[in-house]
Amino acid sequence: MILQTALLAVLVALSVLAIALKDLLRSAIALALASLVLGIVFFRMGAPYAGVFEISVVAGLITVLFILTIALTKSGDEVRESKLANIVFPVVFVAFLAIDALVMKRLMGKVPALARGGEAGTFGEVLWKGRTLDLVGQIAVILAGVFAVLALFRQRDKHE
Amino acid sequence: MIILFVVLPLVVAGLLPLAGKASKRLLPDLLANATLLFLVAYAAVAGRALIADGPVLQQTTWLGEALGIRLVLDGFSLFMLVVVALVGLAASLFSIDYMEHYGAKGNFYALYLVMIAGMNGLVLASDLFAVYVFLEVAAVASYALVAYGLGRDELEAAFKYLMLSVVASAFLVGGIAVVYGMTGGLDFAAVAMALKELNAGPALAVASALFLLGFGLKAALIPFHAWLPDAHPSAPAPISAVLSGLLIKVSGVYALTRVFLNVFGLTPALSTVLLWLGAVSAVAAAFLALGQKDIKRMLAYSSISQVGYVVLAIGVGTPLGIAGGLFHLFNHALAKGLLFLTSGSVQRATGTRDLDAMGGLAKRMPVTAATNLVGALSIAGVPPLNGFWSKLIIIVALVQAGHPVFAAVAVLASVLTLWYYLLMQRKAFFGRLNETWAAVREAPFWMTASTVLLALLCVGIGILFASTVTTWVRPAADVLADGIHAVAGSWGF
Amino acid sequence: MSNTWYLYLFFAAALVFAGLLGLLAKRNLIKLLIAIEIVGKGVSLLLLSTGLAKAHILTAQALVVTYIVIEVSLVATALALIINIRRQTGGLDIRSLTRLKG
Amino acid sequence: MTPKMLLLPVLLPAVLAVALLLLPRALRLVRDALAVAGAGVLLYYGFLFFSVKDLRYAVPWLGMGIDFDLRLYHFSSFILLALAGFLFLIAVYATVKMKDAPRGREFMAYVFLTAAFANGAALANNFVPLVFFWEGLLVTLYGMIAIGGRPTSGRTAVKALLIAGFCDFSLILGVGLLWSVAGTATMSEIAVEPTGLAAAAFVLMMIGAAGKAGAMPFHTWIPDAAVDAPVTFMAFLPAAFEKLLGIYLLARVSLDFFKLRPGGAMSVLLMIVGAATIVLAVLMALVQKDLKRLLSYHAVSQVGYMILGIGTAVPVGIAGGVFHMINHAMYKSGLFLSAGSVEHRAGTTELKKLGGLRRDMPLTALGFVVCALAISGVWPLNGFVSKEMVFHGALETGYTVFAVAAWIGAIFTFASFLKAGHSVFFGERTTDVPEVKESPAAIVLPILVLAALCVLFGVYNKLPLDRLITPVVAPHAEAGAHLDFTGHALDLFNVVALISVGCLVLAFLIHRHGFLKGGRKAYLASEPFHGLPGIRQAYDLAEKRVFDPYEQGVKALQGLSLALYKAVDRPIDFVFEKAVTAAGEKFTGILKKAHNGHYANYLAWCLAGLVILAGAIGLLAK
Amino acid sequence: MNVETTVLLTVLLPILGSLAVPLAALAGRRARSAWAILVSGATAVLPLTLLPFALEGGEQVIRKTLTLGFDAVIVVDPLSVFMASVSSFIGFLIVVYSLGYIRREENQSEYYLMVLLFIGAMMGLVFSGNLVFLYLFWEIIAIACWRLIGFYRAPDHVRKADKAFLLTFFGAVVMLFGFIQIYGVTNTFDITAMRGTVAPGSAVLLILFGLFSKSATVPLHTWLPDAGVAPTTVTALLHAAVLVKIGVYAFARLFLYAFRLPDGWQQALPVIVMVSSLVAAGAAAVENDLKRILAYSTVSQIGYIFLGFSAMNAAGVSGSLLFILMHGLAKAGLFLCAGIVIHAVHTKDIREMGGLIRTMPVTAAAFLVCAFSVIGIPPFGGFFSKFLVVLGTVQAGRPWVAALALFTAVLTMYYLFKVFSMVFLGQAKRPAPEGTKSMVCVVAALAVFSLAAGLLVAFPMKLTNIATTQMSWWLR
């Protein structure tokens, strides 16, 4: 459990880095690393498929997309980030962490839940017997994404 | 085979790029409109027969084995399917002429059909996560459609829309996770029964708030509305019509009411919150609409206001209130779709959306002006149009449920609505012809045809309101009025 | 609910909050998208940990996989938008995207 | 004689009016013949009705106790006869006088229409027909003045209409009150005590009646109309018809509808109005420089005697008032007609320009003199008789002051007629007026007839008093009271008559003094009095119409209108037009400012909304 | 034809006929005019065929059940027949006048469509026996008015049209709110079913607010003078004949026929309406725009109708009903005369007119007659109505209010004759010829009707008396 906690802490740290780092490329890499750590966490939670997906798709595919975009948009002025926010927000974040910890401590065991029996079978069975509609949704969402990208990068005839 | 509602548009969407290769215009037009026509026919004609003996629960089987696709068609979802199909058809008819200049029609219709499929899926889904999934399907398609013009404003609007709604959906998933954690299930029926057993308390309050953020942002309730007045005007007119007419209702109002009324059960606390959200939205957005110079932005704020009206009515929780709310949802979908379509006609003819630059267009575009007038009066609740009846039922319900102050607010919102619509009429259509537009021509056939279709529906439903209410609205309202019993008792697979 | 769930919840909340702070503070569009990703990570962590707590890890996995697919779709669309915006405005500053207001 | 015949005095003149209006200009002779013949028929029926005396025609009309109810009895038949007589004379007179008037055709139509309404009003035995006919006179009043053809005619017509309208509306209100007090609208069934609401009803109806008769302060249109309207109109309407009707109604009101008691509040009120009218109007008459205006003020002044007489509520006073009514109608018509005759030939009625016309127009002069003496109350003319009765009545009530006022009126009446007659018919010819001839017969004849009647009613006063007046008063006298007004009517040797004669002498002295002082110019005879300190200023103000209730009233109306418009109407409009819009725009502006286009801002709203909603649901659930 | 068919035809014919106007316009201008005349003429005749039924005191209620309690109820009784006859008849005259008046204008199809729709909705309103349908037709009328007021399309005109629409809409929804409160008490919208019950005081307030807004009673009147920018035919239709009367009619239908007005309101209402009347008369005396003067005059006269109704006795109610007829005829006449004048001299400012009696004698005479009638001077019709209203008020024990009413009548006389003098008498500033034949004929006809209605007042009175007896259950 300690390792898991440590991994999670690293995950949070990397995420904060991904946001806080000035250089976009580094941010993207930090994000990829965070995804990697999250994937490992998933593995350790007993969810290998999720872990694989997290690592391959998020840490891989999305990072590639990010880097591609960064490369495509790199010329021109840098965006100047707010200095005030750079000082204030870390403080707020730390404060939130403290509050978060306190709340979780007090909340512990308080969220009511029904005890239900666990599930049986393999991931495939659960997916096919239980969540097939999600697969339809996935297909639809992928279609949507593809068409969206196609639409956004289409050659405009002429727009008045 | 109610899965057709989801699969058919998806399949056609998948085929469209290929069809677009073969024929740039005709085939996409034909395919898309035929699909929607089929959906209209299927929902309106066959749907009634399907649910004659109570809700239809359908689990798809494939190769003799039951799949995890469980769809439910009851009065409420059928009602929504009809609305989606009707307005969807009108908008796609409108697109035949309107989308000529945007290019890549195949691509456009593909996105459009995916969005329709997403909405249909959402309406038919019977578990919380599937609702989220289809909500995202429709949303992703809508982001691209909002930005379809690729102009600066379109992109800005689409980006903000995306960024806000992604956050909201993330919270929605968080909410789903909390509910899942408490109940151990995602099925409406399971969750409803579990929540009945469980005294959830504050945890459910947090979950409710998360759901409210998630669906409320889609429904553009104040204070989650800020994306809408940017996104809806920026989209091409038929998309604006579908976004305002359908998307905010399906992924916002439908999801919200389905979850809160049928799954969580409408507690007094939730009812009060919904009343307040609705009232604030209805009035504040009406004021905002009053200050607009952009015709479509005005319409967009009007959508917020009217959705507020719907939520206000549903928040009452009485059968009459729900019926009024749903009827208003229906009427608003038709009328707002109509208004956005006519605004598209105007924009296409004049090239501007600035009300101050228009003037007296009724002279050059009589049909557009007349249909626009019908839509405006309908939404403002002027009899004998359909909007009047729904507003009347809502106010009656509010008074009967002992909320005279909210009823007064509804009345006030109604007056404000008429105020800004009169402003729109005055600046755009009524009044002397602005000489700049002396050569403007009436919109082409399919555009006028689709607006006339919607206008006739508005008038017809206004006159035949009684049969509309009994045939379509009452079954839907009955489902909602049953509360969790509608789901918990009968939706077991 | 097991106590570990609260631990996961703590970290999920931290991730979401970090992402939100980023969304509020940052101006670069790509940065904003990265912040969204962080929020998404928090949510998927919550989802999976809930499944773990309920001994429904398989279902939760399925949900997370779907969630990730959706995320990809979203990110692709968003990045396409960003590239288009970059072409149109010549910059990536969210503050320059305030033409639509009122 | 069937009851239906009662419709004749109403319908016949109305039909004639329409016919006269429609006959084309070319057929003027036919028109005149028709008018005179029609008037003759009416006169004939007037006598006929007078001999019948008792007839009633009542049919249901509008429900709610509103019947079309005409009742002929001695009083109404007497009025009907008098009206018919005057109508006939005027019709004859107008054939010549209105011959060349630009709109003579309309004038004659109005005359007959007026006759129709007046007959109806005299016959009406239900309040609704009464008010219907009574108020209908407004139309003809307006019409006859408006066609006067002078630049100010329209203005004067409106003035007359407004004043008369005000009085008529008072009458309506009074009728309404009386109706609800008495519970019936049938006039012959009403007799109530003038207390409380009924007192208000009495005052209001009195205003209506006195206003029609032209009493102060509702008289001010009459002098204006004297200038702006055809002189025939003056002889016809203010001098004859309206006096008859007004006093008729006043008598009905104070004798029939209300039980007036001598010395009671209502009686005193009437007497005050009467006395004030006598004195103030005659003072105005005294200093007039124009014959028609002078006559018109007398037309007002004399009403005071009638009101005073009726107001005494003692039999002799009432009889005197009613008798004075008929007398006045005769001589005042005669006077106006003479003035018209002078105007017809000399072209002017300004005293200053006239003089010595007795030689050129002897018959007119004769008529004028007789009528002037009659109005001044010179023995043995009819005016003397009726005035004496009024004096007696006033003294009988114990309020000597009213008798004194009446005597003062008599002094100045005679003085002013001395001045007028002297200026016009006696003295030197002026150069302003060329040689003139006597007027044609159709003009002179009515004047002479009226003058003769004046003499007749004075010398042989038994005829009118017994046949006309006594039956009117008789039902209201105490049972068994001896009603003989004729016995000492011409008796000169009693205190009252001697005082009256003294007044006449005094008047002569005043006139002579003024005549001599004014350099033997008769038209300046009133100047010494006019020039008295304090009096002159009062006259100046009166000339500026400061005392004219119409002028002040219209100013008040304008002020009120402006106040209502500026203080009520415009502010309300401002609220809808500006305030609401501005408030809406202000609020909209604030809301719009909040939508500043910044993503972080919008996101913050969402998050704040989330927190608030979670809190709200949590709190509400508890 | 039985009563039911006739009533349905009366309502549906003009409504459907109005929608057919654009179709008729396809066949040419003449066809459109003929169609408009035909439809409005038939609509004017149809209610007249119901007169015998009404004169017998007949009452028939036709019900059709719809959903949620919004049943269609038609009430045919003397009140509705009277109102329908008056409105449709004047409407018909105005359509005839329009032939001349707007023959050179644009958008004539819309004009006739809206006028016929207006008449049809009026018929619907008059016969409705259901609060919701009453409101429905009420608003259809508002739509028609809105289009008609903005007929000339000038920016200012359209703004004023919007003002009128918004204000009356606001009033109407407030009234609807009141209806719903009544529904809360009686659980029905059917007026015939709620006869004899007592309306809650707050509902009365709300409903009166709506009625006042439509009937242009102070303080909700300012839209009416502003609506004078409409074509004169429309202002005549709006002001004189129909529009402002529907508030009055609804008052009679609700507070005389169905409910008894609560006692407090019986005291307050006369004062309110008379203050309104006085204020409007004052404003009329100040204004210089001919049509605004007449509009204010309408506001002022409406007060009398309310006054008579609030007297709650036979004379007052019957007088008010008669007032609707008389004022309709006379005020329509005045407006149409004003229309002829304005058409001829091209200004609305009475200070720039004068001496027109020489060139347009018929119009002048008609104006004079109608003015007499409006003031309430016999032998014209207006006398009887005003007299009965005042009488009713006195009989109800409110002499002070009656005095105020008569004072207002004096003020009315003052400003109307000021107008007459300034427009028709005096020096001719802008000589102008008489209007076209159809226009002059209509105003002459209205003047003659005003006179005839006075001379033959017994006939309309018979109907109003029966209507009064029929509806005033609280008198029996």
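So that you can tell them apart, the chains are marked A, B, C, D and E in the order they are listed, and the count of residues begins at 1 in each.
Basically, contacts are C-beta pairs under 8 Å (C-beta built on N, C-alpha and C of every residue); 3 or more make two chains touch, one makes a residue touch a chain.
Note that this is a predicted model, so its numbers are computed, not measured.
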Which chains, if any, touch subunit B and subunit D both? C, E
Closest chain to the centre of mass proxy, which here is the mean CA position: E
Can you pull out the chain pair that has more C-beta pairs in contact than any other? A-C
Cα centroid separation between subunit A and subunit E, in whole Å? 71
Between subunit A and subunit D, what is the gap in Å from one C-alpha centre to the other? 102
If you average the CA atoms of subunit C and of subunit E, how far apart do the two points sit, in angstrom? 65
Interchain centroid distance [CA atoms averaged], subunit B/subunit E, Å: 43
For subunit D, residues contacting two or more additional chains: 592, 595, 597, 599, 603
Could you list the positions in subunit B whose residues touch two or more of the other chains? 129, 133, 136, 140, 143-144, 147, 150-151, 160, 163, 167, 178, 181, 184, 201, 229-230, 291, 419
Expected list for subunit A, residues touching two or more other chains, is 111, 113, 116, 127, 130-131, 134, 137-138, 141, 144-145, 148-149, 152
If we use the touch criterion from the header, which chain pairs count as touching? A-B, A-C, B-C, B-D, B-E, C-D, D-E
Residue positions on subunit E within touch of subunit B in the complex are 66-68, 70, 106, 132, 135-137, 139-140, 142-143, 146-147, 150, 153-155, 158-159, 161-162, 165-166, 169-170, 173-174, 176-177, 180-181, 183-184
Considering only the defined contacts, which subunit B positions touch subunit E in the complex? 320, 323, 360, 363, 377, 380-384, 388-389, 392-393, 395-396, 399-400, 407-408, 411, 414-415, 418-419, 422-423, 425-426, 430-432, 465-467, 469-470, 474
Subunit A residues touching subunit B - in the complex, by the definition given at the top: 110-116, 127-134, 136-141, 143-145, 147-152, 154-160
Note which residues of subunit C are touching subunit A in the complex, please. 1, 3-4, 6-11, 13-15, 17-19, 21-22, 24-28, 30-31, 33-35, 37-38, 41, 44-45, 48-49, 51-66, 68-77, 79-84, 86, 90-93
Write out the stretch or stretches of subunit B touching subunit D in their complex. 160, 163-164, 167-168, 171, 201-202, 204-206, 208-210, 212-213, 216-217, 223-224, 226-227, 229-230, 267-270, 272-273, 284, 287-288, 290-291, 416, 419
